[in-house]
Amino acid sequence: MNGLKQKYMLTSEIAREIVNRAEEKAKELGVRVCIAVVDDGGNLLEFRRMTGAPILSIEIAQNKAYTSIAFGIPTGYWYDMIKDEPALLHGIVHTSRLVIFAGGLPIKLNGEIIGGIGVSGATAQQDEEIAKYAISIIENQR
Amino acid sequence: MNGLKQKYMLTSEIAREIVNRAEEKAKELGVRVCIAVVDDGGNLLEFRRMTGAPILSIEIAQNKAYTSIAFGIPTGYWYDMIKDEPALLHGIVHTSRLVIFAGGLPIKLNGEIIGGIGVSGATAQQDEEIAKYAISIIENQR
Amino acid sequence: MNGLKQKYMLTSEIAREIVNRAEEKAKELGVRVCIAVVDDGGNLLEFRRMTGAPILSIEIAQNKAYTSIAFGIPTGYWYDMIKDEPALLHGIVHTSRLVIFAGGLPIKLNGEIIGGIGVSGATAQQDEEIAKYAISIIENQR
Amino acid sequence: MNGLKQKYMLTSEIAREIVNRAEEKAKELGVRVCIAVVDDGGNLLEFRRMTGAPILSIEIAQNKAYTSIAFGIPTGYWYDMIKDEPALLHGIVHTSRLVIFAGGLPIKLNGEIIGGIGVSGATAQQDEEIAKYAISIIENQR
């Protein structure tokens, strides 16, 4: 149909598979995290708090997932992007639900954002490693 | 220990099992719902939005789960409890995160609240039926 | 000094005594409640959640105390005051922290509001009875 | 029971005892503070504002208590933890209710978090000293 585009969308089944893989990797690393997967609209699809993961991470994981789809880049890219722009460094960080540290990744297929993942509870680097491993299932399907 | 009480707590594994059972029942009923499980402090443990379930239900399911632990009764009891008390009917409904229709159930063990489930997306009665089926795994373990 | 007035203020000690008396009355009635005492500015002075009192009541008790000082009348008067004014009945109830059912009382001395108490967790009538008993210590000091 | 864990919980009586001890220590130090005790889910159990303690501290004390249970470490550890990670230093501080300066301590029993205390109104160091003294009653009971 003219003027309408088609897009891929995450299903609940894939969101769950992504969360399961994230947990698998977290266990391998010996850490306890919260994991959130959102769709391309930033709306929550699947969430898990591993037993003993920080309550503080419930919100952070969801915000990382949201930030990932809301700007289309890994949350870990943000700091480098704003660090030499003082107005952004002090200003944009107040944006609702924006997270500027690693652990959130957009989930892309053929270059289009189809969702996002956010992981929180370990170090930012481990969080990102977990997120990366979890969504590699999608990349492999390309 | 003097003055301290002991209580049971939900693990991530049980929360997931509860969500899996809720989805199983929802599929049997042919409906698509959001399912949230919180711990006894109202903090999210596990969440799922089935493919095609309403985005509006993301928040409602979580609020139903919260309400269940925050007052210790099924959310479906609220309306009957307040319908003849106009001050409550017009007033208490404004309490943050309070849901007064069916679909949220406290998860109890030996009479103590150990968590809550909230289901949203079908009729309130179906939401509750799904919630009931999902947590019967706990009752059976008593 | 010209133009300045003097007022009485609740101390922490009296706030605590009020909360203790509220708990005493709650135990006598066999109920478990949250109790909040605020100063004349609506700012929290003392709070208690009795073991097993509803988590939902944490917010409601504080809002009842706030409403009491913010309008200077018992929260239980509100519904009768607005019930025949549909615009108020449907509108003013959305005001932040306004509670329109019983359980909140202003604490007055010589006709001046010096603070407020809010009780939540039992029936609205019991909540108010507890609040009334608790603050009678002030009335007696008049 | 399979899959369920047991843990200790704070009662209202112990929360009050902790607050009483905090106030005792604050008086000894000649400072006026707000003191909040939350359960392991971050929900308020007991609160006191000493006469003359800053109104601003009402919220800070509660947030310190919340942060303590939500991440499981003293709030005073946060700054050292993030000071060399600029993305965290500028970013994570925007997390709801997160406090990154001293005065909040998790209350632990046998290594498990059973609640949290937050003290605010004096210097951060004094706040923490007060918190530490207050909860030593739990440690002593081990």
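Letters A, B, C and D name the chains as they come in the text, with residue numbers starting at 1 for each one.
Heads up, the rule we're going with is that a residue touches a chain if its C-beta (ideal position, glycine included) is under 8 Å from a C-beta of that chain, and two chains touch if they have at least 3 such contacts.
Owing to the predicted nature of the structure, the values given are computational and were not obtained by experimental measurement.
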Chain centre separation in whole Å, for chain C relative to chain B (CA means): 30
Between chain C and chain D, tell me the centre distance in angstrom, where each centre is the average of that chain's C-alpha atoms. 26
Residues of chain C that touch two or more other chains sit at 51, 55
When you draw the chains as points and link the ones that touch, which shape shows up: line, ring, star, complete, or other? other
Go ahead and list every pair of chains that touch. A-B, A-D, B-C, B-D, C-D
Touching chain C in the complex, chain D uses residues 11-13, 15-16, 41, 43-51, 53, 55, 58
Contacting residues of chain D [partner chain B, same complex]: 1-11, 13-14, 17, 39-43, 109, 114, 141
Taking the touch rule as given, give the residues of chain C at its contact with chain B in the complex, in rising order. 51, 54-56, 59-60, 76, 78-79, 83, 89-90, 93-94, 98-102, 124
Chain D to chain A touching residues, read off their complex: 5, 41-42, 67, 69-72, 85-88, 90-92, 94-96, 98
